[in-house]
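First the structure, in the form of structure tokens, and then the observations on it.
Chain naming follows the written order as A, B, C, D, E and F, and within any one chain the residues start at number 1.
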Amino acid sequence: MKLITAIVKPFKLDEIRDSLSEVGIMGLTITEVKGFGRQKGHTELYRGSEYTVDFLPKTKIEVAVKDEEADSVIEAITKVANTGKIGDGKIFVSSLDQVVRIRTGELDEDAI
Amino acid sequence: MKLITAIVKPFKLDEIRDSLSEVGIMGLTITEVKGFGRQKGHTELYRGSEYTVDFLPKTKIEVAVKDEEADSVIEAITKVANTGKIGDGKIFVSSLDQVVRIRTGELDEDAI
Amino acid sequence: MKLITAIVKPFKLDEIRDSLSEVGIMGLTITEVKGFGRQKGHTELYRGSEYTVDFLPKTKIEVAVKDEEADSVIEAITKVANTGKIGDGKIFVSSLDQVVRIRTGELDEDAI
Amino acid sequence: MSELEFALNTFYLLMSGALVMWMAAGFTMLEAGLVRRKNASTIVTKNFGLFSIACVMYLVCGFYIMYPGDSAISSLIPGFGSTLGLGMGSQDMSYGSYSEASDFFFQVVFVATAMSIVSGAVAERMKLMPFFFFAIVLTGFIYPVQGYWKWGGGFLDALGYADFAGSGVVHLCGAAAALAAVLILGPRTGKYAEDGSSLAIPGSNIPIAGLGALILWLGWFGFNGGSQLAVNTASDAIAVGQVFLNTNASAAGGVLGAMAAARLVTGKVDVTMAINGAIAGLVSITAAPDTPTGGLATLIGAIGGVIVFFSVTYLDKKFKIDDPVGAISAHGVVGIWGIVAVCLSTDVALSSQVIGALTIFVWTFIVSGLVLYALDKAVGIRASEADEIAGLDQAEIGVESYADAE
Amino acid sequence: MSELEFALNTFYLLMSGALVMWMAAGFTMLEAGLVRRKNASTIVTKNFGLFSIACVMYLVCGFYIMYPGDSAISSLIPGFGSTLGLGMGSQDMSYGSYSEASDFFFQVVFVATAMSIVSGAVAERMKLMPFFFFAIVLTGFIYPVQGYWKWGGGFLDALGYADFAGSGVVHLCGAAAALAAVLILGPRTGKYAEDGSSLAIPGSNIPIAGLGALILWLGWFGFNGGSQLAVNTASDAIAVGQVFLNTNASAAGGVLGAMAAARLVTGKVDVTMAINGAIAGLVSITAAPDTPTGGLATLIGAIGGVIVFFSVTYLDKKFKIDDPVGAISAHGVVGIWGIVAVCLSTDVALSSQVIGALTIFVWTFIVSGLVLYALDKAVGIRASEADEIAGLDQAEIGVESYADAE
Amino acid sequence: MSELEFALNTFYLLMSGALVMWMAAGFTMLEAGLVRRKNASTIVTKNFGLFSIACVMYLVCGFYIMYPGDSAISSLIPGFGSTLGLGMGSQDMSYGSYSEASDFFFQVVFVATAMSIVSGAVAERMKLMPFFFFAIVLTGFIYPVQGYWKWGGGFLDALGYADFAGSGVVHLCGAAAALAAVLILGPRTGKYAEDGSSLAIPGSNIPIAGLGALILWLGWFGFNGGSQLAVNTASDAIAVGQVFLNTNASAAGGVLGAMAAARLVTGKVDVTMAINGAIAGLVSITAAPDTPTGGLATLIGAIGGVIVFFSVTYLDKKFKIDDPVGAISAHGVVGIWGIVAVCLSTDVALSSQVIGALTIFVWTFIVSGLVLYALDKAVGIRASEADEIAGLDQAEIGVESYADAE
């Protein structure tokens, strides 16, 4: 099983969720994060002092999937999260050794 | 070493922490996240317009453990996080290549 | 590729970012988290009732790197995040199977 | 009295009433700040609702019951009737000391205050509709009846019970109803550990809680200052001036008393205790704001501030009375102190004061308790545990208090 | 009139004006609470700016246009001039009913109120500078002209149109301008789904929105109470007392009306509807707060509360008019109700009221529309989509509303 | 003076004093909004404490020192004594212009204002107990002495120094003490980079900061309007009317001046500058709110608004004076402008004004500096760096300002 972690622009969230359900993904977990990258932050003045907002708001989407679903999930995300502008974000894929559904105790692929 | 990531209902946090310390876990990191899954959100009306709150508040608990501790940790979490109702959450287990304790520079199992 | 996850004291963030850019890291993602560990929380009184603030604010820094960069990144973080006081935090290293840059579709090392 | 004196008195009562109305915002902010985020929209809703209900019910029957004049049945039983028709056509244009409408307006905001006290104590667990129903009964009946006993010329007044602006009639009354409600409701889920120890449930917005207390402080100048009911003669004006001075001094004393107690006992200055201290200082002086010197008023307030600190702690820890905002302590326990403290600056008999306090407490506590108990049996006054955990905002209002969409 | 009567009237107008000024804080809090976090600093900025512009423009020319006295050109066309030189040197020291400056002060806060209504409706998408430019035109010209028609002695007054404190002159005027602006601006990005259904955009701070409405409630005592313009005689004082009573009763009615409607229709009590209900109650009674009995005033307000609930829903769903705070409903639709409701307690002809409402609406809507349309063509009045998504705070102010650095 | 005139004056002073008391809420909200979340509970606590201390100390000795009457030792050295016994028994019932107690009440809220100014400037790093200790000295001694020099009939008054409502006596005094404190304290940790450049530390709640400024705006009508001290004659009433008009106009000017400066210099409209602009406008006019025309008052305020913008920037960048809320600029630098601006509308000699400003500044700055320096040596007035990083709320109050448990 794979854990697919996507860091995306927050306002894309609803579209991504819809795109994921089209490929059969029914569960995901999101976290508000802040990102630092090639996309430049902006400089503000507060009471005459400059400050740089260089951590930009991003949304992290985590989806646990069966190995064979990984590619379609990545594609489903990429397709809609891509605005072509710097800062669109990244997808990280890692392996999961085990998954448990707490309610039922089901394991691994059954638990996803 | 394993990283055990549990997505649970927020109000279960204190119980889980107690349950974990019973099996000897002294450290963990939590994040407020929002989950989407089989558990249905609810629909609200705000000034006459409907909106669906379909991302429900969840708490993510991350615990790094030695390989042999993984099962008891999973069990310790499952035991108390299980309410039997949909939305109890999931546990994901992945492998850690390395752990460092920043303060001392200790590595791997010593660092947990 | 590796995902390096550091749990550090929040006020160290700016220094860590600077230290990371010195070793060539241009991208990272941060999350506000709460940590529980050897570092003791503190007890407060609110309207006569005691409560323990035992989850302390921490910042989680995630950096995806090429395998060969991992050590220098760990060192860059450790160097500045270390205050010598309990609660400085941990670094977890795990493997990434794949990385995608959403904007361009670039993969793996090109995408970092 | 000249026409101009009548005009000045009327204007003075209206300004005072406006200040008291403003206390509605004070209670709203105080309570919204001291509850958790998930219940703050509910608190706002409750306060809008209770204030409005109080205004309507007092017009429907409350005012008439409280001030039946000649139509009173006995010194115990008021008369019953309505003032819904109160309008210029119906007003006696041969003027008295102030206009009827200004009098009504000044009185109606008092009853709302009494009901506001309840709202804080039952926060985070009482259902909305039973709360509103109880508001109807309290403001339309329970409060006016005991109000009649003192201010309407009933038996408490005849007995010599002294209560200038209502430490008893308003504050103790509100607190007695609050206590009845809290006892029937029980504590918030999670307030007491299994071993019985009290757990803290911190408020979510201290700055607006502080704002609330400062609003109350300001509004209290109308509450106490207006209760002289006249400002047209030199002696009235001097009295009103003294009332303002003493009200302020007592509030200041209350803050310092509560702060000192907190600091000495706990080592820190719990800001919510300072806030309660201000209110305690204000309640302390309300039964006799005109007679003490400024120095004595400060002292009376300071004692009130110390009392509120210990009362909040003990009601919670010893008696497991869960009162999220400290209303029962600040208005009830300190209200009794205020009633008794009248004897420090007047030659009112302590016994009259004790009888007054007892009467108000017993009447309000018992009738409120019966009404709430019946209500509880009939429809249940407490939110379900699931609703309580999710927050009443979700269950009853459907609007998050601090949504941060995008 | 004696010197003392003059003094009392002046003092009364000044206190009333201070209360109305306070409504600026009410609008600011209400609007800041009902927008998203990313636009709250902008709302604060807009309200500070518009109030200040109103004060300056009314001094520059607005007051003169509205009250040209003998220099009026016709009952349709006022005179033009400035009161920038208003000072004690220039004031006629042989006193009238109240001091000139107190009159100006009382009037200037009214024009600010009218402009505040616009600010809420255009929130979250209108650019700052065009908004300020429009404020100049509205407060310096559009409002004063129609104000002249009624209060300055123009043709609406001659026609028998009755509007005690401005359900029409102030509230409908503000709402008509708001409607023009909203139609030109269009809805906020994301307000309507592709299938045309209305999406909720929840406000970010309900407690301060509630505070805002309570501030307005308090301020309205000055707004309506001061509009009697005299308190020195018994009959004036009695009238002012009745105005306070009725203003309060109507607000209470409005809250209960809106709450009941929300509860019956949706099953929950949307707190923002309760808030709008209070404002609706206040607007409803503003055209004739002196004549109804307390009971009738409550009813008039309650109907206003019900109207605002349905109006908010229908303007949004049926007409896709995106008004984040419900200003067009609460001040406009309910303003019309208030104008009409005058007939319930007076023998004013319905036709006069209808003509009054129409005149005010048409004039304000058309002239505002033209000005805003021209402005839009010239510089664009709507923020770019990128700025809207990032939030106007970032684009125009540079200060986050709730920064939580560290 | 007739009894009724006495009554009206007393009532007017009390209403004015209530408005000034309300400024305590203004400072509390303004400061709580402009500090970080981790220090907001502390700010609330400090403001409750300082206000209460001011009330008590002024009763203990401050009022007597400031208005010693015949018991003054010389025009430089006041008399010493207490007014703790101020009560109706002790009041001269043969009335003067207004009641003694109303006078005390109106005066006591002024001294609290002066101390409030300090609280904002030292925010986020000064320890609670030393702050309260300093409040005792400032309100019980430092302020009353210079107050005596002007308003108590001391040498500044004799010299012709004009200061209607206290641009100098209240605002410059508070700001001078604030400056002394800030210099001894040093900047907040992290305020200046190693290269000396100034770093922004954004405030955490702009809407309540805006509310704070609007509260101050409202309260200022009492501050300036009450300072005429009489409203019973036509000329007094006309003067009070002009004061209201000008106070409002100057505040509006201040907002627009600061906004324009911000927009022209930085391209955006920093809302905190608009807020400071309002306060600057108010401070600018405070030394002579009765004499200018409305147009001139607007201009005086606008210049104040421009000054505050540049002053905030330069004190910070050039002088590394870290004043989180801009109190030293808005009350001190602009206070001096206000003192000087008196000459624009009166024939007061510039030299008197300069001497007045210098005297107040030097006295307050030096004595405050000495007291604070001694305090710093004795117990340390600055919080430890660890406490500062964790936030003073944790260190001294134990209550989070915005807890979001569950």
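The criterion applied here is as follows: contacts are C-beta pairs under 8 Å (C-beta built on N, C-alpha and C of every residue); 3 or more make two chains touch, one makes a residue touch a chain.
This one's a predicted model, so the numbers in the text were calculated from it and none came from an experiment.
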Inset, instruction - Could you tell me which chains are in contact with chain C and with chain E alike? - result: A, B, D, F
Legend entry - Candidate from C-F, B-D or C-D with the same interface as A-F, over half of contact pairs in common: C-D
Legend entry - Pair sharing more residue contacts (C-beta pairs) when A-F is set against C-F: A-F
Inset, instruction - Determine the centre-to-centre distance between chain A and chain E, using the mean Cα coordinates as centres, and give it in whole Å. - result: 45
Inset, instruction - Can you check how far apart chain E and chain F are, centre to centre, with Cα atoms defining each centre and the answer in Å? - result: 32
Legend entry - Touching two or more other chains - residues of chain E: 4, 8, 15, 201-202, 205, 208, 211, 266, 268, 270, 272, 389, 398-399, 406
Inset, instruction - Would you give the residues of chain B that are in contact with at least 2 other chains, written as numbers and ranges? - result: 11, 31, 44-46, 94-95
Inset, instruction - Using the contact rule from the top, write out all pairs of chains that touch. - result: A-B, A-C, A-E, A-F, B-C, B-D, B-E, C-D, C-F, D-E, D-F, E-F
Inset, instruction - In the complex, go through chain F and note every residue touching chain E. - result: 2, 4-5, 8, 12, 15, 19, 36-38, 201-211, 213-215, 217-218, 221, 225, 231-242, 244-245, 248-249, 251-253, 255-256, 259, 266, 268-272, 274-275, 277-278, 290-296, 298, 389, 391
Legend entry - Complex contact set, residues of chain E against chain F: 3-4, 6-8, 10-11, 13-15, 17-18, 21-22, 24-25, 28-29, 32-33, 40-45, 47-49, 51-56, 59, 83-91, 93, 95, 98-102, 104-105, 108, 128, 205, 208, 211, 396-406
Inset, instruction - Write out the stretch or stretches of chain A touching chain F in their complex. - result: 44-51
Inset, instruction - Give every residue of chain B touching chain A within the complex, in rising order. - result: 2, 6-8, 31-38, 55, 58, 60, 74, 77-78, 81-95
Inset, instruction - Could you pull out which chain F residues touch chain A in their complex? - result: 197-202, 266, 268, 270, 272-273, 312-313, 316-317, 326
